[in-house]
Amino acid sequence: MKFTVASRLAYEVRETTVFILNIEAAALRNQKILAERLDLTPAVALDRHELDGGTRLVRVVVEPGTFEVDYEATVELSMYDADPATLRETPVAELPLEAIPFLNPSRYCESDGLARFAHREFGALPPGHQRVTAICNWIYENVDYLSGSSDSQTSAYDTMVQRAGVCRDFAHLGIAFCRALAIPARFASSYAWQLDPPDFHAVFECYLDGAWYLFDPTRKAALQGLVRIGVGRDAADAAFATIYGDAVMTGMEVSIAPLEEVEDEEPTVRAVGIA
Amino acid sequence: MKFTVASRLAYEVRETTVFILNIEAAALRNQKILAERLDLTPAVALDRHELDGGTRLVRVVVEPGTFEVDYEATVELSMYDADPATLRETPVAELPLEAIPFLNPSRYCESDGLARFAHREFGALPPGHQRVTAICNWIYENVDYLSGSSDSQTSAYDTMVQRAGVCRDFAHLGIAFCRALAIPARFASSYAWQLDPPDFHAVFECYLDGAWYLFDPTRKAALQGLVRIGVGRDAADAAFATIYGDAVMTGMEVSIAPLEEVEDEEPTVRAVGIA
Amino acid sequence: MKFTVASRLAYEVRETTVFILNIEAAALRNQKILAERLDLTPAVALDRHELDGGTRLVRVVVEPGTFEVDYEATVELSMYDADPATLRETPVAELPLEAIPFLNPSRYCESDGLARFAHREFGALPPGHQRVTAICNWIYENVDYLSGSSDSQTSAYDTMVQRAGVCRDFAHLGIAFCRALAIPARFASSYAWQLDPPDFHAVFECYLDGAWYLFDPTRKAALQGLVRIGVGRDAADAAFATIYGDAVMTGMEVSIAPLEEVEDEEPTVRAVGIA
Amino acid sequence: MKFTVASRLAYEVRETTVFILNIEAAALRNQKILAERLDLTPAVALDRHELDGGTRLVRVVVEPGTFEVDYEATVELSMYDADPATLRETPVAELPLEAIPFLNPSRYCESDGLARFAHREFGALPPGHQRVTAICNWIYENVDYLSGSSDSQTSAYDTMVQRAGVCRDFAHLGIAFCRALAIPARFASSYAWQLDPPDFHAVFECYLDGAWYLFDPTRKAALQGLVRIGVGRDAADAAFATIYGDAVMTGMEVSIAPLEEVEDEEPTVRAVGIA
């Protein structure tokens, strides 16, 4: 399935400032970039780097004045649907060892502190895709989605107590619970079809039965319409812009649209595999 | 300089248990492994994996009973001494982009929350190796080294308030301050010559002027006698043993000895480069 | 009902040390002290002070050497049983204003941070004694009673995440939930009949329908056999000994026994009123 | 010295709501209320309660609609100046025992967690008024006064790390340090002469040498022009309005003016005694 994604960021830059941008669709096996352009105004030189997981960083040094970033891409997703009922958890004894770091606690996902709760609440459930779905359901039912209720320092530990957050908080809590249960889990920022209002969106991925699968505990986006941007341990690895200097964002637009007719996602549990 | 390092771990295993061990000397450019052996008793099969930074993971599945791990290696270190006075900080605009993830906050290094303090205390100091040394001096002077004062969930945020910790806490605080100042910093577990009593030791590394340099704010070990084991974002990435199952440690010995005569480290500031 | 309570504390005092002791049965309307003695060895002079809520403080200044505190009392409790089903909550509009401070968050009971959860989980339950019982049941079912799982800095916020604690943690969580729901709640240390092994015990009290009622979410003691010692906002107000100086506890014994035949408490919900 | 103080609060009340107001000048020995009026619009019935420390609570039940509170008072302060150099600390052995609760940690003043730092930084200073002044100077020099940098859940622990806050955070940190050093300390909200812009202000009080003395680590107000309102353990005890129901503040004005010519406060350290 093909999508057009776009984002426009505008800044007022007050001193020479370095931007690390992460807004381009990631280079992933099931996510093929058919076309793309990145326009910077003024047209400054840029460095590029692709991290191990496919995350693409762009670095620019910008002089004082206005600065605009304009990105557009056509992306073909080739996710596949698996049968949630048959996807088992991969035992730690069989995990690919490169997935091991995604069992470790991270800045916003204190799986160590949440281990007892995760085992009490989810430990006795049958392992597999269905258990992660149960985790997502728990988050959806027990945490209020509430704009402005959290900030950039809010972690899973806080969300567990305060019971309110936005998409990144929902993803962090899901990741923390999964890691506590020895299920490798990672964070993904994305362009998200059907997200209303349009914005960058955060979801998470779990390694199950030999592949990574997508989960969105907010239920706000269609899993088969997620164009992933940054993939990492948590939101610390997937900021759309990190700023070293002095710049203030003055505008932001994000959009995604399918390039072909799409059947609306059925409101059923799906296992959407991505690698 | 050549060192013999060794560690012996003993466990009482109570149910089938997966161990992820990280006790072997890392595979690093300036750290050449001349000889090594890893004996497991009983002799179970093992999987190996080398992470990007050179960290070597070993996975074993162990049945109930006693389990012993016996590791010994001869390692040649070829660190070099640089002049601390001339090592500048690499501006973010010039950093290799693969170092960028080491600017992000991590589980035990909340550089985001500590940014204001780091800038107030260290922001006006001349940048470079000397500034990181000033950070290490601040930690040494303002935090008590006190066994038992912290636990596995203690983070830089806690240490900043409680002012007591052990080597891993000292390293976490140093890493957090450096990242807050846009200096890439990472955690390293190690065999540490002159550490008394012998144990695994934690230090940190900063990217300065084109290479990584070692820092030990505890002042307990000799920098040129550090055989590094696990290198990562923080202690979460460098546990010597992670256990999935039920096993209790019943013994542990760690040792390191130079294979040749060594001049005692001078009590002066050194810049020990490692890559 | 009459009880004999006793406690013996022994210390090794290393420098001139001030002790603030709070081990005597509180002076309360439904708790009549028939006889008591407090022996200090060596026999140092003491100051006494009774706080507003009936808590009795003793202060002594002790010179280096061994120091022993030996307390024994005969106490008559005249608690009454009310019908849990008919005890309503007193609306804030009708609360005696001296109960208002027990709606405020305190050191170990962050009712402000836990408000959303308390309302989500308990907000829709019928108000009254039964709602506080539901809170106690929730704590009993969702938190593990586990010696050594918490320390003197553990607060309700932590227990909510970590799901393990001891009696003081159970009480703190109950207090925090009640205050979040506008039910005045306070902490009480006590001699607790049937507690096994014998020790000081922590419970909490709520203001309901015109009086204070006892609650013990640990279900470890008999409510009608609680001889209260310190009553306050949380454990910070009810330490059995606060030490200014340098002294190490070398022994502690706590006991309570009924002076008459007692029918065993029925395993049913009781509303035990105390004032 | 005489002052006129006034405050006007306006609310949009959306459902029957209980307000606990704490805006009237406290009833204190050195603070004599010569005249005052409290007008409520609409004119609802009110309950009053004076807490032990002199804090005066007013409770009203308000029906939906607009609600306005208009308070004005003439207050005569009879604080006295003591010589800071001669005010000693009262040893715990000699403290009036009713001051003991102000040594305990409270919701926003975790003196327990900050004890090591307080002893390291201030423990060796000569005890007395001068030591508390040194604490205030440290706060002034090490914490940025920054509107919007903290919220209602920010505690001394957070401010210690984040190094930014407003008057209540400055007071909380001062209180926590003092309690950690065994100096009784409490929080006071106030009308503050010379505060610019006018607002309710938070300061703290310490028990030294037989009396309570005022401290303002923000250096924003004149100590001899503080008309205190709520006195308690921390901000949890001194909110100007606590709301049970649903009401939104739509306006707030606070003012204070001297009724006679006042010499400007000299920029020297003063010991202002209040009881």
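So that you can tell them apart, the chains are marked A, B, C and D in the order they are listed, and the count of residues begins at 1 in each.
Keep in mind that, in the parts below, a residue touches a chain if its C-beta (ideal position, glycine included) is under 8 Å from a C-beta of that chain, and two chains touch if they have at least 3 such contacts.
Not measured: the values here are computed from a predicted model.
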| item | value |
| --- | --- |
| Centre distance in Å when subunit A and subunit D are each reduced to the mean of their C-alpha atoms | 45 |
| For subunit B paired with subunit D, centre-to-centre distance based on mean C-alpha positions, whole Å | 46 |
| Distance from subunit D to subunit C - Cα centre to Cα centre, in angstrom | 30 |
| Subunit A, residues touching no fewer than two other chains | 113 |
| Chain-level touch network, classified as line, ring, star, complete or other | ring |
| Inter-chain touch pairs (all) | A-B, A-C, B-D, C-D |
| Residues of subunit D that touch subunit C when the two form their complex | 18, 20, 47-49, 51-52, 57, 59, 61, 91-93, 96-98, 100-101, 103-107, 109-110, 112-113, 152-153, 182, 232-233, 236-237, 242, 244 |
| Subunit A contact footprint on subunit C (complex, rising order) | 113-114, 116-117, 120, 142, 144, 157, 160-164 |
